[in-house]
Amino acid sequence: MITAGCDVGSLTAKVVILADGAIAGRSVVRCGTSPERSAVEAMDAALGRAGLAIERLDRTVGTGYGRARIPFAQAIESEIACHARGVLWKAPAARTVIDIGGQDAKAIRMNADGRVIQYSYNDKCASGTGRFLEVIAEALEVPLEELGDLAARSTERLTLSNQCVIFAETEIISLVNEGRETADIVNALHHAVARRAASLARGIGVEEAVVMSGGVARNRGMFAALGAALGCSLLEIEDPQINGALGAALIAMDALMGAVEG
Amino acid sequence: MIVGGCDVGSLTSKAVLMSEGKVLGFSLIKSRTKPEESAEEAMNGACTAAGIDRGEVRFCVGTGYGRDRIGFVDATVSEIACHGKGARWMVPSARTVIDIGGQDCKAIKLDAAGAVVKFVTNDKCASGTGRFLEVMARLLGLGLDELGELSMRAKNPVTLANACTVWAQADVIQFLNDGVPIEDIAAGINNAMAGRMAVLVNNLGVENDVCMTGGVAKNRGVLAAIETILGLRLRAIRRCDPQLAGALGAALIAHEKAAGGVK
Amino acid sequence: MRRALKEYHFDWMLHSTYDAASRLMAGTEKEYAHALRYIPYFSGMLDAVFGIGEPGRYFIKTCAEYLKNIVTARERGRKVAITSFCFSPVIFYAMDITPICLEVMTVFLTFTYRRGSAEFLDFCNEAGFTETSCSSQRGSLGAYLAGIGVDIDMVVTDTPGVCDTNANAFAFAAEWLDRPFFQLDMPPLLKGERYDRYHRDDYRALVAFLEEQTGTRLEAARLAEVLRELQKQDELIGELEEMGRIVPSPLPPAFTLLNYAARFLFAGMKPCTDMLQSMLTMARRNAERGVSGLAGGVERVRGFFCYIDHYTYNMRMWRMSEELGISLQGNILSRNWSIDAPHVKENHMEESAYSIDLTSLDSMIDSVAIMNSRMPMIKSIRGPFDAPDMWLEDTLSLARMYSADFVVYSGTPGCRNTWGMLKPFARETEKAGFPTHIMYSDAFDDRVQSWEATRARFEEFLKVRRILA
Amino acid sequence: MSVRLMRAVETLNNEFVQRWKEEGKKIVGYTCSYAPDEIFHAAGILPYRIRGHGADETTIGDTYFGPFICSLPKCMLQLAGTGAFGFLDGVVIVPGCDSMRRLDDCWRKAGEDIAGVVPQFFFHFAVPHKFAAYTVDWFEGEIRRLIEAVERHFDVRITEERLRDSIELYNRGRSLLEELERMRRLPAPPFTGAEALSVVIAGSAIPRDAYNELLEEFIAVHRAVPRGIEGRRRLMLVGSASDDTAFVRLIEGERALVVADNLCFGARFHNDRVDEGGRDPVRALAERYLRRSDCPRMYGDYRRRLEILVDTIRSASVDGVILQNIRFCDLHGAENGLFERDLEALGVPCMRIEREYGPLVETGRLKMRLDAFLERIDGQGRTA
């Protein structure tokens, strides 16, 4: 049985191909303005890695912001369900999932069967998103991927109070103007985003083990800051960026198996 | 007598050199992380453009976020006064100035003599800033000027969440995904921006003539939308790039200060 | 506010629209379609309301008449008062004062204007009013501040102690328009001699204020007449509320809206009784046939709103409910706290309810005072959310009684009052077994969150929480 | 500036609080200036005004409060949730506004998650929104309910005699603060607005008898100052609760002086007296605390508040007024709009600012606007 999950987010599109319960191919591509094209591009890349033709896929599930526009998906699922499903597969002990996505952050609480008990999105106007990190990285002229390493070199604790992305950018510029170290600013940024995500999770109740899902989890500084904000250690999963797509592929698999069983 | 104005903003930095009421040269650069470096680069650029030596500048006024970090200026003045002054030079009949900068926007009311009578700035939310348009344009894969051009062709502009830039983005993505024509989204973006500006201007109490400065003044869509909402025509700026208003005003104030003796 | 908008008189515009609509029902299908070409945006709302049959037509007629009263108040020598939705209008009718309920006018706006209330909202900010305040008053208030509505004689509100944003909007309006202002103030608790006395003292001060403004005395006979009609209405509402318990519910989702109209526009007036009567007839017919009040006839799930419904724009919320097969079991604000109301009896909440005593002018004023203190929001959303008689208790008892499958919060970001306690509140409703969805949208302002996004999030909730597979 | 006063502003658990606790005495915190200090003092309890000072994040605040809520109660909850108010034996929530009112709900709920952050004595104290004979009656009843609750919980007696003594002591303090206010308005004030605000705030966290002594000392020292501060623009600060002296320092900079304010942490806190001659001290307290309706929470009383402002502007020779409000503060957000309209019409330059409560960061934007405002007052840019 071969299934695929396609997660078209606001910044990147991801595809995971599952063949008989193992990841056969994966891809991450940067989104253009057309979700269709991004989806196709990501799918082609993943198929290429898996050495498969699209006809071989038994079922594909789409998710993410652009889910309704994925041309080859047979079904669509919410990101909430996909992230929960993906995490459960990789870390069965997980009960709380935090995903800091491009446009929004989500906290999900689930039971042992992977059923979503409660979830919440970031509050309106909040800055705890991946987009926030991106804007600031740009303002600081630091590549997004390097934020984590940079924060590790921080020596002084700074506080960022602005919740608005744009005004936080101004706040950061004034910190730069004051001659603050970039490492300290980045560290403060991570903690600011982490604190917002932690409040979000606390609102629905945090149950361990906690897993951070989504691309931002690859940022070591962010990962550590979230643990600190929650006051517990996070369970690490491999390749968190493709977790949503993986969840979608798993849900596709579940559906086929359910159909067989039924 | 050659005087200079240097406007170090968070996104762009500008320098203008003037002599006897004429612009000798200017430069407009993307700001660097350190304002002193931005100022140096901008001023050197302006000198090169004017073909003069830095030493020839008799008096220089600094303005913008980084104004206190510019080493070479003789005095600093707030952006509000500089934009008012600069706009006045561009449009001598101006009584209301709308300036949309990268990180904030302002509406300034001038008296007959050109002094600032009152001003309002947007400190509530960044959705009424130039940065908002920039983020949106990139999301649509457009240049800032294209955003303006395209929006003029809209048939059914969308209504956009104007409360927050991030959330407006989420809406834009949703619209893109729903297959809404890009010009309708572009128009929605410009309308949201114009709507926020209009509230600011009306709160100040609009008085003719009205002109608009700052980078966004180059966006035809926003201009048109503001004109529609305010129900008046904006005076066109032709004498120089509207984005230079702050630096220009600083240079004009430098001239006054130098002529009147340093206060 | 654009100049073009200022060229039209706001209340007349609404009045002509609803008046024309109310005439449409007499014509043929073809005439209806033809007439709607001239008010295309309004058609979504009209289709939905006329779609529910006779009660919908009564509703439009009631709205038209309410608006007509407003635009003709001056020529009829009536004083005009701006007031709030949670303020019982009976006292105005008994004293020949024409009320303008700001929140209802805002709802009318969102139903009628394509751009909704946006420019009116913005005008308030241009006038110096804070942009973070509630959109429900700001929407139509903008028109009165801009001077394109009828001339106002006084401002009367009853939200101090309950909702700052609301009370503050009325205080601002009074000052800005330079008109006499009266507030009924609400203590944080509801029951007990000390609270009753305060409610009564305060209401007597209101009556004195209204007498001073109108230069006439409140007459016992007039008040009795209005209250008798109100008693009839309370009975009808009670029966409708009882029928809402049936599974499937015979009540169409839009009945919530009609119910509002009954309480907030025309309480104690004849047209409102007719509308309620017609609603009941229809509900009974559905119940007899065992069908749901939903257009499709099939109820898939039942939802209870813990605050208000989502108005913005064009009845989309109700239309979506029809599509998805969701019976809306009303909300906290659509509840009537008459002593005979089914939920009052069921939960033994007599002390938190009101009864009408027609014995004397004094007894009637006392009755109205207590009734007013039991108006929607005024009753349930004053003290701490988990105190007796307050938001949580009311929500849970009603959600249980009406067999709701889930609870939804919809409001406005301007609602400091509910957003201040919403997270702990939702935690409690979840604990009680009700999946709870929080909408981040604004019921009156599309610009806060687009309807598309609001709907997508809501459907996601129904799916992820496995309410609607 | 007295070091002891200064420390009481900067430290929540200040030396006076510590000593008070060491003596085994009780402290009750309250959230708004409508709570009558005298009641607690008469019970031998230290009344302590709860602030949000020092909270540099609001993770706990945001867990319970929604997003569209004033940052002041969020900061208060943040501190409470981290145990910073562990020295309080009781808390009185005064529903000054909706956001503050919900501190009741949120604080109690935080107590379910974080052990020990809700003191046993937790009291919701209501204040009517208008002044009339029957509202004073009701408020008097509410004060009596508070007295009874305090007596029962802390096993104390609030006698009429002790209450009269407390009223006298606090009135004495009010007179001293009035003197401070008068000195502030001199043509050359001997201290800055930031200092003046510090002195007033300190009073909300120090036992009143000790505070009165410190105040007398402060006044005496500054009376002796040969030359006050001259040559600055004179500003008045109006609006939402602010106990941030750094904010005032930023406003003052080198060119301005805040010579008057209308803030509930400032001058609003101490104007007016409690009647000492009346028959019933509780009635006198009800009258004073309700009548002194300088907060826009008292709806329909705008004209009176405008008069207070105009009087102050005249007597303090104010050059410009800064109307600030915390984001989501509906009350001041609306009233500032009216003040701006009416004061500008009288020729008083005004500037509105919206801000967040909390650590003063990103001062660049604010500084630019303050500079522009001073330039406007100076009439700079006017070409002859």
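To keep things simple, chains are lettered A, B, C and D as they appear, and every chain counts its residues starting from 1.
Quick note on the criterion: a contact is a pair of C-beta atoms (placed from the backbone, for glycine too) under 8 Å apart; a residue touches a chain by one contact, two chains touch by 3 or more.
Fair warning: this is a prediction, and the values are worked out from it, not measured in the lab.
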Completion exercise
Counting C-beta pairs in contact for A-C and for C-D, the higher total belongs to C-D
Problem - Chain separated most widely from chain D, comparing mean CA positions - result: A
Problem - Rounded Å distance, chain B centre to chain D centre (Cα mean) - result: 39
Practice task
Determine the centre-to-centre distance between chain C and chain D, using the mean Cα coordinates as centres, and give it in whole Å.
Solution key: 38
Fill in the blank from the handout: Between chain B and chain C, the Cα-mean centres are separated in Å by 45
Completion exercise
Listed in rising order, chain C residues that touch 2 or more other chains are 127-128, 131-132, 413, 423, 427, 448-449
Completion exercise
chain B touches at least 2 other chains through residues 65, 103, 124, 163, 167, 170, 174, 178
Fill in the blank from the handout: In chain D, the residues touching two or more other chains are 63-64, 66-68, 327, 364-365
Exercise for the section: Sort the chain contact graph into one of these: line, ring, star, complete or other. Expected result: complete
Exercise for the section: Under the touch definition given earlier, write down the residues of chain A that touch chain C in their complex. Expected result: 78, 80-81, 115-116, 118-121, 123-124, 203-205
Handout entry: Of chain B, residues touching chain C in the complex
Key = 124, 158-163, 167, 170-171, 174-175, 178, 192, 195, 198-199, 202-203, 228-231
Practice task
Using the touch definition up top, name the residues of chain D that touch chain A in the complex.
Solution key: 56-60, 62-64, 66-68, 113, 356, 358-359, 361-365
Practice task
Would you pull the chain A residues touching chain D in the complex into a rising list?
Solution key: 123-126, 159-162, 167, 170-171, 173-174, 177, 195-196, 198-199, 202-203, 229
Problem - Contacting residues of chain C [partner chain B, same complex] - result: 1-4, 115, 118-119, 122-123, 125-128, 131-132, 413, 446-450, 452-453, 456
